[in-house]
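Next come two complexes, and both contain subunit A; in the first it sits with subunit B, in the second with subunit C.
What follows is the complex of A and B.
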């Protein structure tokens, strides 16, 4: 049962090791409810599509895993699609060549394959940090992409269907459902997996293991000299984050029932996953998940509105980096920029004109700086 | 006992450590100070002992066991801790979290993925003890980055002590600390070191401090041992005085 505790004077509740204030509990509850009623919401409005939100959540889930590395060990992996793709392809291969029909078994296969892949890629790329680590992960990701593209057994650029058995689809609870019901049921399965995944990740980020990862991320040398075998810890974190990607990829395959290399293994997917984590707020637990939904949604809407939807992504990234470096969830949190600004505005509405002035001044200053940089680049001197 | 046997290390042409043979901790809990002009190879020597660098030749022996090939983190487990000349703490953690991380690591609890980091009572007790010992209680919830320099140095040293070492190698624990705080930092180190029976090897430029606290002084010059002796050596050895003063001891 929930137990009442106290956090810095605010009453909080503790349950299964999760500690939340009343405010946070409300957000949590609303979030869970929203997740569960998405299939109903999408029947109300045409602009919302279940498949789009579902896909956003799955990539967002991969981003939650990536975030363990990004947030704590400060390593930027540029190849997380490798694990998403490994999970997806493992599912497809099991369905096609081993005739596995059960969704549960397919997902276990995805987890196993992603774990092995992350273990191998981890050992090979974690010899380096920073740029070289990012490049190595990118390289391994592309390697897998090339393999998937080149192997006819893996379907080449056409991809593979996931339609095992006489029912022509994976079985949930040993039963074949009609396509509509199947979509909704797999969505609920995703929600359950996500909730469990978030809970596990939350517990990991409260554990001594997280202290070790933080230590490594913040001062690697010192971490070694307090007795941490640094590479082993980072490797385990890498494998855990890969497993999240594998689960997401496996679910993706089960849901879509068809996978292609571009959707799952291409390096731009790795970029997307990284972008989702930053967009949602990589210093938060649920940020990457929300980032996933928002990004996939925007890409989908953008595709309808304009041919240049990549432009849209670019603009969002710029706004994010300059205006909201803490991401969506990070900015909305107490102490985040949105909350702080709203508070100021409520206390003193005239602060608006000050902001306007600061904005103009900053723009002027930045422009001047840019001109100086340009002069230096063009003429070699100021 | 921690021994260096015929250690050699060169970087290209430069011989940073030239056949050093030394013993520490024959008397348990002794306070050894390493002195020498800039470039004498003091830091390199500590780097070799702690596994930050590996020697070109020679052995490092801990209680009779050759640990020359042992990794840095295993040496910490074996009881050799160190600090760095430039403060190396976990900048985004509070003082308490820094110490907690150290104690969790020392007690081998960092592989626990599902316990609460702040839920281990024995760890918390130890953290509170360290906070009190190093008079950091008031700063306990301050982010390391925001600490005044003296406290950062203290935290750095407290983290090393938190590892329960038998041997502690400190690389200029008072560098960059104001004269007023210097006494305070070094006194705390000496006090805790003596109380815990830790053999402490400290690089120090301030000769007043060395004279006041050292049990034994090791003087290095151009990578080699110039002399080993009681702190009075600093007064009696004219060549050593010239070496140290010639380059300046005001760092």
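What follows is the complex of A and C.
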């Protein structure tokens, strides 16, 4: 049962190691309820589609895993699609060649494959940090993409179906369901998996292991001096984050029942996963998940509205980089930029004109600067 | 599968030709990486913008000069016209690079590296759709240059059937490699850039404006990417997604050669080009995977790449 504790003077509740204040508990409850009623919400409006939100949640879940590396060890992985794809392809191969029908077994296969893959790529790429690490993960991701594309056993560019057995679909609880029911049931499965995954991640971020990772992220040499096995800890974090990607990929395969290399292994998917983490706020736990839903939703809406939806995504990322570096959740939190600005506005509405003026001035200055640079390049001097 | 010596030679030449194109892209990327410390994910888009622009410039120049006339003089005039068109294309990319660096990149040098990746990725997406807006969805091609240059006999003289255009690319590639090394070794600007790469603070102390060097380096990278795009487009077509593959291969080249090493980029580019080209005859499915396999191998044997850090040794 929940136990009452005290955190910095505000009453808090402790349950299964999760400590929340009353406010946070409300948010948590609302979040869980929303996750569970999404299938009903999507019947209300045509613009909301269950499959889109589902896909967003799955990629967002991979981003939650990536966030463990990004947030604590300050390592930017640009190849997380490798694990997503490994999970998806492991599922597809098991279903097609081994005839595995149970969703649980398929997901276990995805986890096993992603763990092995993350272990191998981790050993090879964690010798480096910074950009080198980003490049290496990207290259390994592309290597897997190339393999999936080149091997006819893996379906080449056509991909593979996940339709095992006489029922032509993976079985939940040993039963075959009609497509509609299957879609909703797999969605609930995803929600349960996500909640478990978030809980595990929360426990990790409350553990000494997280402190060690933070220390490594801040200063590797010092971390080694105080006796932390840096390489091994980072490797473990890498494998954990890979497993999240693998689970997401396995679920993606089970839900879609058809996978292609383009949508699972391509390096742009790695980029997507990374930007979901940033978009949602990589200093927060649930940010990446929200970022995933928002990014996939925007891309889907963008595709309907304009053929230039890549431009739209690009502009959103630009706004994010310059205006809201802490992401959606990070900006909305207390102390975030949105709350601060709203507070200023409420106290003194005239601050709005000052903001406008600053914006105009900055733009003018930047333009002048770039014109100077251009003149220097073209004529050699100013 | 039996491979005749002639076929092996042709594949090697193809590889070298591709290697030179790759070097022009990777050299810009590696210099930007070595000095700005930014991995420019939008570099492939600059390459493809170069290709699209080149089609227009080629069309214009050929309209002015006309098809190659008879005799050596006519041929020479045409070749110079093509080289001029390539240089004009590359020059068009200079202001593009300048604006990208001065407006977007300059704001975020002191931020976390992940934001730089997000920013250049955002630029990649934006440039992708800018291309779609300007040149449309379908691929564009220019056959005039390719077929005209191929009428000049070169390899036929030694009894080999090999397109003259590829020989042309190899020659221009060699010239650009020499030019690039000369620029960094011998010119004052090149020395200033290298000095900034070796020690940014010291360079500032002796009066180098790092802002300008950064802009110059990025513009130079854009110039090289545009040059590569213009050289690469005649035999094929300009497509929207043509930037992706060279970009990723350039990463491989950079890792093989050593981060920020120009010499490493040269060796890496030729290595990747030739091996990739051999794979096409020996084992086609391995074509895409081979460069990454080499990269993994190099990393196991020599994690810092074939050549160390660029700057002091160029």
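We take it that the second predicted complex is superposed on the first by the 363 of 382 C-alpha atoms of A that agree within 3 Å, B and C clash if a C-alpha of one lies under 4 Å from a C-alpha of the other, contacts with A are read in each partner's own complex, and residues count from 1 in each chain.
The rule is short, and it goes like this: contacts are C-beta pairs under 8 Å (C-beta built on N, C-alpha and C of every residue); 3 or more make two chains touch, one makes a residue touch a chain.
All values derive from a computational prediction rather than experimental measurement.
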First, second, both or neither for A:131, with subunit B first and subunit C second: second
First, second, both or neither for A:226, with subunit B first and subunit C second: first
Broader residue contact with subunit A after superposition on the shared chain, subunit B or subunit C: C
Partner chain(s) touched by A:210 [first = subunit B, second = subunit C, both, neither]: first
Which superposed partner A:311 touches (first subunit B, second subunit C, both, neither): second
Touched partner set for A:119, first subunit B, second subunit C, both or neither: neither
In the complex with subunit A, residue positions of subunit B that touch it: 50, 52, 71-74, 76-77, 81-82, 84, 88-93, 97, 100-102, 104-106, 109-117, 120, 159, 163
Subunit C-touching residues of subunit A, taken from the complex the two chains share: 70, 74, 76, 78, 124, 127-128, 130-132, 134-136, 138-140, 142-143, 145-147, 149-151, 267, 271, 274-275, 278, 282, 307-311, 313-315, 317-318, 320-322, 325, 366, 369-370, 373-374, 376-378
Touch list for subunit C against partner subunit A, complex: 33, 37, 39, 41, 94-95, 98-99, 101-104, 106-108, 111-115, 117-119, 121-126, 128-130, 132-133, 137, 211-212, 215-216, 219, 244, 248, 251-252, 254-255, 259, 284-289, 292-293, 295-296, 299-300, 303
Parts of subunit A lying in touch with subunit B, wherever the complex brings them together: 17, 203-204, 206-212, 214-215, 218-219, 221-230, 233
